[in-house]
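Could you have a look at this structure, given as structure tokens, before my questions?
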Amino acid sequence: MRAFRYIRHMVMGALCGLFITGGIAHAQKVIRIGAPLELTGKFVIYGSQGQRGLEMAVEAFAGTVAGHRIEVLLRDIQSTNQGAVSAMTDLLEKEKVDFLIGPIASGLVSAAVPAWRQRKPLWIVPGASALSFEEAIAGESMVFHTYAWGYGYHTGPANALAAAFGKGKKVAIIYSDGAYGRSHLPDARKHYTEAGFQIVATELVRENAADMNPALQKIRLTKPDVLVALMQTTDGIVVAKQIHVAKLGIPILVGSAFPQFQTWVDAVGEAANGWITAVAYLAGQAVPADPKYPRIFPAAKDWEAAFTKKYNREPELIDAMVYTSAAMLFLAIDRAGGGDKERVAKELRNLGVETIMGEGKFVPTPGGAVNQAFNEMFVIQRQGDKIVTVWPKARSNGQFKPIQ
Amino acid sequence: MTLLELSGLRAGYGGSVVLDGLDLTVGEGEVVALLGINGAGKSTTMRVITGLLDPSGGRVVFGGVDITHFPAHKRAAEGICLSPEGRQVFPHLSVEENLCLGSFHPRARRHRAESLERVYALFPILRKRREQKAGFLSGGEQQMLAMARALMGRPRLLLLDEPSFGLAPLILEVVFNTIREIARSGISILLVEQNAQAALGVAERGYVLSEGRITLSVSAAELSSSGDMRKLFLREIEETAMPARVSVESKPAAAEEGLNPEPILQIRGLRRTFGGLVAVNNLSIDVQRHQFLGVIGPNGAGKTTLLNLITGYLQPSAGEIHLNGQRIDGLKPYDMCVRGVGRTFQLVQSFPEMSVIDNVITGALFARDARISLDEARERVRRPLELVGLERKTDVLAGTLALGEQKKLELARALATQPQLLLLDEVMAGSPHEDVVELMEVLRAIHAAGTTILMIEHLVHVILGLAQHIVVLNFGEKLFEGSPTEVVADPKVIETYFGTPFTNK
Amino acid sequence: MTLLPQFLLDALLLGGLYCLMAVGLALCFGVTRIINFAHGEMIMFGAYGAFLLSVHFGIDPLLSLPLVALGVALIGFLVFKLCVQRVLDAPHVNQILLLFGVGLILQNIAVLIFTGDERSVTTAYSLASDQFFGMMVAYGRLIAFAVSIGLTVGLIVWLRISEMGRAIQAVAQQRDAAKLMGINVTAMYMVSFMVSAALGSATGAAMSFLLTITPFMGFHILIKGFAIVVLGGLGSVGGTLIAAFVLAFVETGVSYYVPEGGGWAEGVALAVLLMVLILRPRGFLGQAVDN
Amino acid sequence: MPFAATAVVNDWIISAASMVILAVSWNLAANAGLISLGHSAFWGVGTYTAVLSANKLGLPLVLALIPAMLIGALLGVLLAVITGRLRGIFFAISTLALSEGLRVIAVMTPGFTGGGEGIYVNPQLRIGAHWVAAIMVVGALISILVAWAISRTSWHFAFRAMRANESAAQMLGVRPIGFRVWVLALAGAMAAFAGGVRVWYGGFVDPGIAFDLHITIFAQIGPLLGGIYTLAGPVIGALLSVLLSEAARIWFGTQGFGLLVYGVALVLCILFLPHGIWGGLQRLWTFGRRRIRGEQ
């Protein structure tokens, strides 16, 4: 039974965690990486993916960089604000780590910023798309953001849709009252308008609402051509089902922030058909290995096979994102020849690798982030049982198909 | 053959001792009455027999089996069924559902249809009301339902706790006739009754309970030979409860003279209803300044409701109340306290987690508009504590006191508010008899010091010994008013208070 | 096109769901006077039970419901025996905290067993709908509504006509008198706790194909259930039924007819609750509650 | 620098001191018979008032705490007035509704509160963690002092009397509504203070954080573990709860068992220490004394 397999994997995962954190200190020199993650509490899904990605990355380097043993200091932030602050403080002030990865959920990353400022170690943030976070870390050279900014979710689909269906179409937006929906609404509005769409409705739903039909019915009255849903997976599942059932007759459905796209599809079933979303990573894409570091950045299918073998499940976005981010950090440390954070930062900025997430290269953004990687997203559509990449043109393997 | 035997039973609540070595037997097929004043421990006896209260000592043997520590629900299955005090019907269930629950345990369930027919035959009114929710029945109907429900359990021993409580005389007669009928069917009955006349009318034997012990056992022979049960019973009560009899004449004379022409409290046309029930009706009473007024009447006569109306716990449906010439109905209890009205409660309302002295200090602290300091309050409570005789228990938690002591504590607390008018609601209940005499002296002293007192009391001799003027209430109305001597002489009052005798038919 | 018929239908269907969310809570409180802060976790386990049986054995949530209810009732039994029974006479705060702790434990056990991944069951009917009289009728919601009303009515009928149901009512109304009838009060407490847990699991099963299943789904359902129970009059099953629909109509109405209403709906519902508490502290059908 | 503590110790101090304030505040209200299930409401308004008055008016922490406490007290007064005679579970539920209602308001007024996205404390106004810790500790000490001072005034008598029997207390001249207003204002101000300081430490707030119902739960854990209605109990209990939570997080957190272990510890404490630590000790002490005196 699969339930038992879940337990087995959790136990194994726990043991691995123990191994990583609790390994007996050798005489060997040590590089310490702080990992404040959502290991329990309501964002545990992000934390456990982050933990898996880290484990894979440590494994890829056989636990050693530049002759130093990698020691990952996992800290459970319990999905709470205070937990994030405490864990950051503990890692920065007591453990004196110079390298941090995590947390992932937007609110918790935001909460961790003030604590990070105390000592400003090299911080890899594989989460948080909110522009308020971009503002908060504008000009900070030690922050490496490896997750797309909010607009990345909207520019791609907006441009892709404009290219496919022409201008002047009507767009309705349904968004949740949580951090995600609120922060994305202005971006979505801006980029769809810029791409030549007309916003005809914006409707708000409560996070965890049991019924979203009222908002959908109000949207139906405006007869839009495109419906954009700005909400996270939990609400995304409900809204997809309700849209399907309500037979709104909207030909184009765009979902945003479904980082667990496969999970979402599994949960929604048939109602996922026709949905378009922008993703930074999706299992099953044909991404070749990096020519220089094929062992660390293997071809997507090899990495995914290894992941599936180890965890008995397909990798999701954050698995891949944290793996790639951590692997890039380790590589930079290796190239810097040790744990000097300034040198590592410089090496990271100079890095240019081919990863499962696309090109691994840090560049500044117009919004003020100094080091930004993987801002590019590609647009996919679920058509029948297949997932078709429709944008950018260079990567696409199919065409948009409006829902009948 | 003995069906139920209680020996050396001891029981109480929290720290207080209510039953103190009680012995009692009920024979097979016998009807036994358990008599006694309020607080003597009658209902507690019932609770111990049915297992609602675990005794701290002694034995309960039923049908030859020691059931002392059986849980309540097992005893019902053994055939002990109680019609509890205050009926305790299930208000949101229909009459028939109530009755079906009476035969919940398997032994009774098998005969449910048959039992139903039987109780409907006994109480035809219940058949008529079978679909009605029990909460909407009248008091008499609820009483019948409670009895019928107990019968549904096919009792070997039927316990009836105050079946006459709050019933009109007409219904009373129906109820007691039914009890007689039940007795004829061979079920043993143990009857607790305040209405001694009625109880002894149906019982073959009677016990008088006082302070948790049986003080008198009246046999069937005595019953038949004694022409005037009332006298016997009255004498017994007076002897047990009042060793040093206080004469009616020994009233404080000083107060008598000091009667002020303007009454301190004037009640005019007071009326209060609860749903359909009229608790107080068209009641007018004057309390003169420095008077000691007694209010008596059977249970359910509206005495406590009257105090609640005066102190603002209840709002009158009609009528007016004036204190010192000012209209006060509609004011809140704390306003009344500030205006100099103090009160004790019928059911103990001390603050159990506070020490005795803290209880009384609370009384001293907030009573008047001008706030006093804690030290001052500490000083002020010394006298009330000494008066009631609790000065040696000041640091004890109030919750651990015996019932009588808690009553004293409430008196001290009320005194600490320095009232002009003191309202006492059965302040003697639960006190051992030595204390009753002592408390009477205390009340006399308080009165002599200038406090006006309105006192409700079940112990008739106490009221007779203290009050200058007595008001008798029945069914919420004033039945009689006069001096203690007049009250004792009035046959109407005696009948109301001690019940109408029924002849054995 | 008017939204009115759709509004009425949505409110009605939501009301059914709310009713099921609250009715178990109401039963538990009405009988034992304990606010079950772990009730949300019973709902969550019910949802996971339905999900697992659907995914691994292909059993429809409606068919697996009895099995799931039985399993969760068993969890309820364990919680009662190990914890609740010891605090039956303790102050409310102790009970609340104890059950909160139990909820925390159950929630984290669920994370360990099921992981934090979002799940949902997909059945043929959960995605089907048809148009009638200008209303789009979602079959999944209709079925959940039917399950909900069926179970609530079933509960009411069971409480009314079965021997044990009446005994449970008796315990709720007059604890001492119930003992006198030969009713084992603790046993009745246990039965109501287990039935309440089973109803919670049914809620979860009914929600499993409509909403998202996560280990943390319980808490906000609990808060909603709470509001309904209080509005209905703490422990009155009939009152709970009324309150559920009142709340559903208020929330849906605000969502339909107020700009940004979807966000304010919950606040308005809470305002209604506060108002009712102040004006009529015993709720719609409050009865036999000592305060 | 007021004292030379490491940042981790500062973190613990801030946690512990804020829990102490919450516990004392909750216990104060509970002492008067008002069981609150909505302490997060006070905490939350304190948090937002402190952040907003700092960001919009440029007030430094110490000054921003004044409006925070005032608004917290005002909310307490409001609660006391609207709940009137509600007691026990009804009062508890209305506080819960209040807290949830405020959360909805915070979410729905993004222009003012930052809405679901949250809001940062102006970084220029932020001060070192040791200062925050110092202020929090001072606050904790003051709240303990206030609770102690109240226990030596007539209020203590009124509160306990109201808790035991509000109706009987009225007959002694105690006007419940007056005392309710005062006690809730005080408790509200205390909890708002804790929230206001805490946000200075975290530097960020959103509605979920400010009106987190877990704050309410934490506020109760202290008194219950330590001994409800006592002076020392809530303090001891709050410190212990922080210790338990930290220990569970440190020892079991990396394996994902942190909250599980914490839940187990909580359940065990409530089952086997029903009167709390201090309450248990007091009982032991009285029992011992009686034994010595040869009483039963």
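For reference, chains read A, B, C and D in written order, and residue numbers begin at 1 within each chain.
One rule holds for everything that comes next: a residue touches a chain if its C-beta (ideal position, glycine included) is under 8 Å from a C-beta of that chain, and two chains touch if they have at least 3 such contacts.
As the structure is a prediction and not an experimental result, all values here were calculated from the model.
A count of C-beta contacts for the chain pairs A-C and B-C puts A-C on top. Between the CA-based centres of chain A and chain C the separation comes to 35 Å, rounded to the whole angstrom.
Inter-chain centre distance (chain B to chain C, centres taken as mean C-alpha positions): 44 Å. Rounded to whole angstrom units, the spacing between the C-alpha centres of chain C and chain D is 30. Averaging Cα coordinates per chain places chain A and chain B 74 Å apart. In chain D, the positions touching at least two other chains are 107-108, 256-257, 259-260. Counting partner chains per residue, chain C has residues 108, 111-112, 260, 263, 266 touching two or more of them.
Contact between chains, as defined at the top, is found for A-C, A-D, B-C, B-D, C-D.
In the complex of the two chains, the chain C residues touching chain A come out as 1, 3, 6-7, 10, 13-14, 17-18, 52, 55-56, 108, 111-120, 122, 126-129, 131, 136, 138-141, 207, 210-212, 214-217, 220, 224, 252, 255-256, 260-263, 265-266.
Chain B makes touch with chain C in their complex at residues 50-52, 71-77, 81-82, 84, 88-93, 97, 100-102, 104-105, 108-109, 149-150, 153. Taken together, the chain C residues at the contact with chain B in this complex read 160, 163, 166-167, 169-170, 173-174, 176-185, 287-288.
Of all the residues in chain D, the ones that touch chain B in their complex are 152-154, 157-158, 160-161, 163-165, 167-176, 229.
Within the complex formed with chain D, the residues of chain A that make contact are 10, 13-14, 17-18, 21, 39-41, 44, 48, 74-76, 78, 80-83, 85-86, 89-90, 92-94, 107, 110-111, 113-115, 117-118, 130, 132, 136, 176-183, 207.
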